[in-house]
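Provided herewith is a single structure, encoded as structure tokens, for subsequent inquiry.
Think of it as A, B and C in the order they're written, each chain with its own count starting at 1.
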Amino acid sequence: MASNQVQSIQDSIKEQFQKSDDVVFKELHTNEKYLEVFYIKTICDEAQMQTYLIKPFYEIISARGFLHYLQSHPKIAQYESKQNTVNEVIQGAAVLFYQENIFLLDTKADKNNSVIDTTVETTILGPQSGFSESLPTNIGLIRNRYPALSLMIESMKVGTISNTSVNLLYDSEKVDLDTVKKVKEFLSSIKIEMFQSGEQLLDFTKKNQRSLFPTLMVTERPDRSAVNLAAGKVIVLVAGSPFAVIMPTVMKDLMASMADIYQTFWIGKFLLLLRYLALVTTITLPGLYVALTSYNPEVFRVQLALSVAGSRHAVPYPSFIEVFLMLIMMELLLEASIRLPKAIGPTATTVGGLILGQAATAAGLVSNIMIIIVSLGAISNFVIPINTFSFAVRISKYFILALSIFFGLVGVIIGLFMLIAYMVSQDSFGKPFLTLKEEN
Amino acid sequence: MVGKNRYFLYLVILNMLTNVIIFVPKYLIQYRFDGLILSMLLATVIGIGLMYLDTIVYARFPGQGLPEILDLGLNKPLKIFVLVGFSFFWFIAGLISLLGYIDILHRIINPELSKVWLLVAFLVVLGFVIQLPTRKVMYLLEIILLLNVPFIGFVFIKALTSDYLNWDSIFEVVTHAATVPKLNPVAIASYVFSGYANIIVFNRLLKEKIKSINFVIIFFVSLLTLFTSVFIPIGMHGSDGVQEYIYPWIMTADSLRLPYSPVERVVFLFLMLYINITLISVSVHWHVAFELMKGVYKSKKSKTNNRLLMAFFFGLSILAVLRFDFMHPELISMYWLIARFFVEIIAIIGFFFFLRRKI
Amino acid sequence: MSHYRKLLGVLFILLLLPTTLSGCGFKDIDKRIFVVSVGVDPAKNSDKKFLVTLKLAIPNVQEVSNEFLIIAEEGDTIAEAVRIMKAKVDKELDFSHAKLIVYNEKILKPEIEKNLYYWFIRRRDFQEMSWVAIGKPSAQEVLKLKPKSERLPSNSLFLILGKDGSESAYVIAEFLFDFKKRFSEKGLDPLLPIIEVKKNIFEIDKVGLLDKKGLKLQLSPKETMILNFFVNEEPKTALKIENGEQSFVIDIQGVKTNYKLMTDSLKQPYIKVDIKLQGRIEEALFDVSNKNLRQYEKMANTFTKKQVRDVLVKLQKSKVDPLGFGLRYRSRHFEKDDWETWERLYPEIKFKVNADVQIKDTGLVE
């Protein structure tokens, strides 16, 4: 490369980076040689620069010897294009101008690479730590748990500004290649400026298909990711996010907790059954209450009907207003306790749950049984292991409730049927969302 | 054992379940002293025979439904005639069970809710389900059967073990077995088997030949269904008085008590389960009708055509429910049940000879 | 954006719609008043035919809540009386929990009007599983009684008839659908328990037997118990073997009954009745000993045989057939005129009773 060419490249790169405080341009001298370095110090690991660049620079005396060093070090790459150089510098690489050569030194700082404890999907037994916020560390975590030659890692970039690296992991022997193709198409179809975390993908699946239920799963557990790799799924890791995205995700996966494989067979099955029971309870309970108290009290046995009637004695408005009132109160309570700092959270629950509930019944605004129904519904909702799915379930209960207001018990059943039909109609990256037995 | 043929089994079982609500027991009970038992046995033989013939025909076209088969070569007017004719037939099949069940719900659960309003709720669900791909309709059928059949089985067993089921009444009917079978009960009883007919579209999912073990299963299950659905009401309500009830099975379910459950009356459990069964049964029938009609126009993806078709289906249903009470629903469904029997025989003979010559 | 706006619009309309709910079945449970029992008596004060009484449960928030309201009205049909009564209460009358229908004895004699039971079956809201009974001294008296142990109105009768609470061999409960079946089934006649009001308690230990028209016969408590051996194979009872000085009481634990019609190719047709009782001696007027069990069994056998035959003959004399001998005959004979043959046979048929009483021991005491 001619020296004037190098000079022009150097100038244009310098020009592109406005004079920020953290932009560093430094010249290093010895008697024999002369080196120019350009980097952004806030995203650059200066300790690495010290070991890989500055020390050898002063230790290797001959100018020729240092050139050989630069050409053969695995962390140092040759110049490719101006655009590529700029991109690398933004992400933390250092540009080296030495004689007539330009090199790129990979000194990207690997920040936030400490592993975080699981907080969303906790289990009693089994591994307790989740992913970190660093992409290489996360890939390392998965490779550790999944030491197979067939594990493939492909890299992509998403986001027009953030230009986030996204890695696709799959077991090339187990995965359905059609699924991989669909996932890639999906990722490259995303038009977004800032891509920060895998959870954002959820939003995109919804906008494309207007789906209520999540067709991809976000997890913070490396063990879950490894298990899913073995099941032939594609894992998407996003730089800077401690969550992995698993695709395709079907109903079965959303109801499974990692605790199931850390338990004996029957306990696992029992827990699974319990979860489905909770799912049905939380979806139907408010609707059933309206249907049974306002349309079909004959369904209860006489003793129960009379006690329900007695409990609703003082309530001055129809059952569906009562249910709406309590459900909205419950939702507010839930939202509030998520937003609050951890220290105040329990207080909000106590004030909201215990005191409000107690006072509402005492004042005759809602019936005793209503309080039981709302709390039982909320508790059941928490049993669902995957957070995104539990939100979807929270919404679907309003659908059933609305139907029960207009059609009574028949409405509840029709609503359940419709929900099942809707789930069956969904696809997740080519896999049916809900089936009994998958077809090959 | 059953393997991938289970889809075929589901279609047959679905019809066995719906027979209870579309008046089959009621009509059969009318013939209880008049050749019922021999008629039922004859119907079993005929039903299984037709089923076997039909599966032979369609086994020649693995993975293809009637519209695709006819596309292979048949002159256009004839093709349209066949498809539209069958489509209309399947539409009526679904409509009769739908209106019948809405009538039951209207009488027993929500007498003050208007039938049209109730129908609209059903139509919304049906509209969603019938336009799904055939594969998905089958998945839904599988799930709905799995969720409901155990409970329906429970109700049957509860009825069978009831103290009030008088076996002497049942035997009294059996003593009249030696009477000549009649055409009407044969035709009506054969409805229990006619679920196989849906194969004309659902053959798309059947890639393998149906194994004979399926027919053995179907034979025993259907015989059991046919006899229990007629004889349990007779045992519960007496051989002389049972014909007074319009819905013998609803009355039978209401005569069962669950002493330890918060829902004491079995009839509500029964009705709720049958909402699902009716919905899926009508979905399957209308899906067949819908797919057959789609075979008529070339551009399969045409959304406007599909919407027009759907509007036609729904319009007709609402019209029917408005005039339902004046049409003598019980009579209509009896005539339909009998007509269905003959159309089925003609269609299968037609398939058998015609589809063999082609290809 | 227009999509979202449309969606919001639809949601808004959906939220408003419930406020227009009226006349489509939406009625809250506290706007309904549940009828728990219905009584039918002959009218007293007017030229109408019947006096219909409804017992309405008043749901109460307090612990003790067998509060109820009795309303009554006279009418020529039940429907007529009920229509008038609707205007007497502030809430919607809900019959779906009317689990007890009580007829006055006089209504059933000499012939019950068919409408009086068909009305309940025809209406969608009555359970097929309502219990039917005869009330003494009148249906209204039965409905009016408020037993001390009761928590919900009429609940004590539900518990007795449903055998959820006390199980007694003197109670033969009858469901509405079975009652109706027995009216129409040739060879099987209706029977109804009799509920008597004695001071502050119910006494249900008798049964009334009907033929296809009306009440024909009332059995004593003892006879009722014997009949119940056949109807329900109800074991929870004590049988007193009366034999002068040698009387003793057996605590029955197992009952097995069976009968067979011996009518073929015999000049003298008879019904072979087998009754098998299992139990232990509970009380005796003399010193019992485990060694003599065989002897006691023999005494019990002869006594039971006679008792059972007496009851069966009593049924035969009154031309009622609650056990369904006639139906059994029809179900075992293939002729078209089997019922006519049976009608000729029944008045003369003999009963041959085989009793097999097994006494296991004499209880905890020798």
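Here is the rule we use: contacts are C-beta pairs under 8 Å (C-beta built on N, C-alpha and C of every residue); 3 or more make two chains touch, one makes a residue touch a chain.
What you see is a predicted model, and the numbers here were worked out from it, not measured in a lab.
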Work out per-chain C-alpha centres and flag the one nearest the whole-protein C-alpha centre. B
Select the chain at the greatest separation from chain B, using centres from the mean of Cα atoms. A
List the centre-to-centre spacing of chain A and chain C in whole Å, with centres computed as mean CA coordinates. 64
Distance between the centres, which are taken as Cα means, of chain B and chain A, whole angstrom: 46
Chain B to chain C: how many Å between their CA centres? 39
So which bits of chain A are touching at least two other chains? 295, 298, 302, 406, 408
In chain C, what residues contact two or more other chains? 24-25, 127
Where chain B touches two or more other chains, by residue: 110, 113, 117, 264-265
Per the touch rule, the chain B residues reaching chain C in their complex are 107-108, 110-114, 117, 163-164, 166-172, 174-176, 178, 236-241, 244, 251, 254-257, 259, 264-265, 267
Considering only the defined contacts, which chain C positions touch chain A in the complex? 14, 17-18, 21, 24-30, 32, 34, 36, 57, 59-61, 65, 94, 96-97, 99, 125, 127, 152, 155, 158
Contacting residues of chain A [partner chain C, same complex]: 292-295, 297-298, 302-303, 305-315, 318-320, 402, 405-406, 408
Under the touch definition given earlier, write down the residues of chain A that touch chain B in their complex. 295-296, 298-302, 304, 403, 406-411, 413-414, 417-418, 420-422, 424-425, 432, 434-437, 439
So in the complex, which bits of chain C are touching chain B? 23-25, 124, 127-129, 162, 164, 175, 177-178, 180-186, 188, 232, 324, 327-328, 330-334, 338
